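Following this line, the structures themselves.
After this come two complexes, each holding chain A, first together with chain B and then together with chain C.
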Partner chain A sequence: MHNSKAHIWFIAPAIILMIIILIFPLFLAGGISFTDYNLGNKTFEWVGLENYDKMFNRKTYVKMIWATATYVIVVVPISVVLGLCAAMLLNSLRFGADIYKTIFFLPVMATLLAMAIAWEFTLHPTLGIVNSFLANGCGGVREFILGFHWLPWVDSQESWYAVACANNMDFPYWLKQKNTAIWTVCFIGIWQAFGFNMVLYLAGLTSIPRELYQAAEMDGAKSTWEQFKLVTWPMLGPTTLFVVTITTIRTFQVFDTIEILTKGGPSKTTYVMMYAIFEKAIQQNLTSIGAAITVVFIGFILVLTFFQRYVIEKRVHY
Partner chain B sequence: MEAKQYIGEGWKHAILIIGAIVVMLPFYMMVSMSLKSQQEIQSISGGLIGAQETQTFPVCVKTGYSEETCTMKPYQYNYWFAFEKAPIPRYLMNGVIVTLSIFIIQVLVALPCAYALAKLRFYGREFVFSMVLFCLLIPVHGIALPLYVMLAQAGLVDTYSALILPWIISVFGIFLMRQFFMTVPDELIDAARMDGMGEYAIVWKVMLPTAIPALLAFAIFSVVAHWNDYFWPRMVITGNRDLFTPPLGIREFRGGIDSDEFGPMMASIVTVTVPLIVAFIIAQKRFIEGITLTGMK
Partner chain C sequence: MGTISLKNISKSFGSTQVLNNLNVDINDGEFLTLVGPSGCGKSTLLRIIAGLEQQTSGDVLIDNKNVNRVRASERDLAMVFQSYALYPHLTVRRNLETPLRLRDYNAFERLPLIGNFSPSKKEKTESINQLVNKTSETLKISELLDRKPGQLSGGQRQRVALGRAMVREPVAFLMDEPLSNLDAALRVHMRSELSELHNSLKTTFVYVTHDQAEALTMSSRMAVMIDGNLLQLDTPQEVYDNPSSLSVAQFVGSPKINIFKGTADSGGTVGFLNVNLKRKSSESNTDLHIGIRPEHLEITNESNENTFSGTVAYRENLGSDIFFHVNIEDGSNKIIVRGLPQFTHQISNGSKVNIKRVSDKALLFNEAGMRVQFTNA
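On to the complex of A and B.
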């Protein structure tokens, strides 16, 4: 073929950069996590597993694991299911699908930090339109629907909505209250993520051959639900796997909304891992603890990705 | 039958419209607040754009401007005062500098490497490729702390380099370009060699032009990600306003949520957010393609 040594010059920069920027930091984080090193210190000592010991036994870090797990477990399934539902609805529309697609994709595009602030005002207890919408609805249809009065077991005097109306419009302070903050942040996470999943599912849906539906109908699967079970869901297997993995990885990395809106509070209910790394290592200069959290964080993500690549991937391809 | 189908269609639109309203809520709030006066914002009145009565703005007068300068319509005031208070063009320019530098260096590094991996035969090729695959697994935000330690040791915190350096290697870009180059026929390259072109010339004069569609998608992917990134700039830029990227600017505007005027604050946020959204609406298809690139295999 050719005898040039050009390939060395082509791959060398990439290899060097991969080693310095991506691989070396992995080891550096691992190394620092076994020391008491803080940025600016001249010396350090090896402390073994002390940092990890702190992490799994101190209340703060237990709360951190809880907050992260809650966030991931809530946001991933809901945003995936919403994405799938939206994709299927859009796919079955006769007209207007493109407009909805654009609207639902906007949150994916827009600067998340700006949107977090916009949500903060939208949900603000006195300035926000959400709480004023709720307050204006006391005693009306809104109360009936959103207070779940239509469910037979909900007492219309005792529902959260009715109680708030009775107590001088005492609606939740969404982001400032211990029992609502994490759910509100989850909601913003879902709001931001589902459009991305929708687009991936739309691509997945177009690749399902029409004949499969006809065949299913011949086999007696007449209702939409039966066809979904028999054709759509199995055919979307690879897409779903991919969507779940990528959403999980992105969800683990939540930072912007937490930093700007809750700072991990109230009482650490929204203290997710990325924010913990930032707060400990950068703001409080506890580099070694931050490194230990980093190692656990990377561990989670690597396990997840391996799980996708080598365990399930073989099983979902038909 | 026909009627039933129309009802079905109607239900679908009803559900989707409710969804669309919820999705648009913060956008509405943002634009609306950037147009209205402080009183209208606080009393939640005036609908989307408010009454737009010409008035004198006390905060503006307190800042030291003459009463005459401070008398105007709310929307004019909000946007004018936003630009008076913060160097917004500077933030936007920093955003452009950082995202473009990152993208250009990413391409300079990734393209030759991808070409070598796809079209050249050499000892260790498989090893290099599996290294790329391994690096794809590393969560970039996850290694932020060790990278920060390295940059701090090198004395690079609070510089453009800190914003750009960690991102100049995109293993995803290498992977993507390699997959793309695999589809380019060998004859094209052989013909170029026959014409006496060197390998460098082949990369930039033959491969680059064929890769334009893939590069464009990658450009959007890369630029959107780094334009919107807040985590990394927040780590490495501590106080130097001259280096603020748009998201750091946004954070600064928000500063005094309880004391400040909300109108100019939202006006700044809208200004910073709008360029990307407009670009998205103009070139939707390309954007969706680019951002969901990670969905390609």
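On to the complex of A and C.
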């Protein structure tokens, strides 16, 4: 074994492929990000950190980081918690679970492009089903519930719903309005992501030994909450770690919905990183700045992965 | 106090009847073993006592209180599971503390951080610590308290599981095959430890096992269950010497009891092979099964009307005893005979041997498998 060189032949193809299609482009992008190179140019100049300087000082890129952060911070926790809740509810069902599983998993399987177009119609300010649903509900139960009139401190004349009804059905232009666009995109992101998380959690739940719940019951853990704290949550630790990592990386990569629904607008409120890379490097042929954004993007992912690998992993595997 | 009564317990899963009208009274401080082959419903019965499973009909009484509608966590029983079911993310200390925390702390005190502001928590924590220390000393696991279950050997986990059950001082302990995951040597060792533990705690133990040796060695009474029926409930010695039916006789005792086909004539004289028994059967003119345990047969040099002969097919040497698997001459039976090494070491596979029986030890069973007594005359 020690004298044989055969092992090199076994690993070489994989290593060569990895270098060509993963590592080399990465370093190339890193290199380009320090130049003013654009695709098609014959020459380039080294510009040092100028591209990065732009990124952290120009308003557009600050907005980009802001939009990306908002999207990740909203979508990850909500879709993870929703996924867990849905999985636990389905797990407790005796029948009908398969139907719900299919329904919740549908957005994951469906082509995001087609789904995004469907959402565009749904959320259309005048023709969309959402706003016509709201308009038809003026003065009724829908207004009471969605206008939060059931909360004691909400004045039923002043709620957003009542105001919109009073102003000739002036409901939000969901995707076209600065203060709602990012939240609407987040909502679609959650809708799309939580089914996948649910399936992962369902798998995690089935691997918890039933005897642990019985032991908890014998030890006096009476409420569902106690059993969740004592058994379910700790035993789902590895699943949660995986789900959070995967969801975070996927939300960082959000692109399709943005491209179809908002194109980064209005006024860059939904200008997430992946879309910025696409717009700069492909549409505007500013290869070097695109490369710089890519490097920052990879940096985020790397930090996340290291954090997962070395900090959290130690706490969830027993 | 720790009496448990089961009255007319039946249980079925769908159309499958797993428990059939069982009645058991378990006395305070007793070590009762539920023993039977796998699938006989013994674990289900234990889980019904625990409250983890609901019986289809019948009543469970703990300390003469009907607990049919009381959930498991409120029956004040402790259970040791076959897989131990320790919380893998908690240290041994926290595992032992868990039942006490759940019982002693109120909902507010169990909250992280702000729970510490409760004035009574400190006192409770101290008493919990004392109980945990006391239990871990009894079980000799004090040095393991800071480890997690994943870092323990099977035997150590077993002790921790016992400790988690003991620490709360419950009305009774329920144990579901707690030794079956241990290696053979440790299992034998733990038998004696469990018996000692029972003697010192003087709490009711209900112990489920498929291993008749565990039942015989540890219990004050054993309940033999087969196919959802309770066949016999008595002291181990009585079950062994005086089994109520053929199935019990065959289940209890290792190696298995030898069964011969025989008949009782009109006068009640029992005959099998070429041998007639001295004692008379109480049932006459019928086919019978005659059961004789391996230790009640001897290999002998004599050859007379009380002996029969056969060929040794296999010789099982256990050191202290040698068991001979013998094919009887007429080919109808394969029987097991115990021999003492000092007299029988020269007998090898294929030898022809004569076998005689120790008198007054045969057991009679009728065609239906029920026990038939000898007449006293």
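Note that in this section the second predicted complex is superposed on the first by the 305 of 318 C-alpha atoms of A that agree within 3 Å, B and C clash if a C-alpha of one lies under 4 Å from a C-alpha of the other, contacts with A are read in each partner's own complex, and residues count from 1 in each chain.
Keep this in mind: a residue touches a chain if its C-beta (ideal position, glycine included) is under 8 Å from a C-beta of that chain, and two chains touch if they have at least 3 such contacts.
What you see is a predicted model; the values in this text were computed from it and never measured.
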Looking at A:246, would you say it contacts chain B, chain C, both, or neither? Reply first, second, both or neither.
first
Contacts for A:230 in the overlay, against chain B (first) and chain C (second): which applies, first, second, both or neither?
second
Name the contact category of A:28: first (chain B only), second (chain C only), both, or neither.
first
Just to be sure I read the superposition right, which of the two partners does A:166 touch: chain B = first, chain C = second, or both, or neither?
neither
For A:211 in the superposed arrangement: first (chain B), second (chain C), both or neither?
second
Determine, under the contact definition given at the top, whether A:73 touches first (chain B), second (chain C), both, or neither.
neither
Hey, what residues of chain A end up touching chain B and chain C alike?
none
Which residues of chain A touch chain C in the complex?
209, 211-212, 214-215, 217-222, 226, 230-231, 234-235, 237, 318
Residue numbers on chain C that touch chain A, as the complex places them:
50, 52, 71-74, 77-79, 81-83, 85-90, 98-99, 102-103, 148-150, 164, 168
Within the complex, chain A is touched by chain B residues 9, 12-13, 15-16, 19-20, 22-30, 33, 41-42, 44, 109-110, 112-113, 115-117, 120-122, 128, 131-132, 135, 137-150, 152, 165-166, 168-169, 171, 174, 193, 198-200, 203, 224, 227-228, 230-231, 234-235, 246-247, 250-251, 254, 257, 262, 266, 269, 272-273, 276-277, 280-281, 284, 287-288, 291-292, 294-295, 297
Going by the contact rule set out above, which residues of chain A touch chain B in the complex?
1-2, 4, 6-7, 9-11, 13-15, 17-18, 21-26, 28-29, 32, 39, 86, 89-90, 92-94, 96, 100-115, 117-122, 126-130, 132, 191, 195-196, 199-200, 203, 242, 246, 249, 252-253, 255-256, 259-260, 274, 277-278, 281-282, 287, 290-291, 294, 297-298, 301-302, 305-306
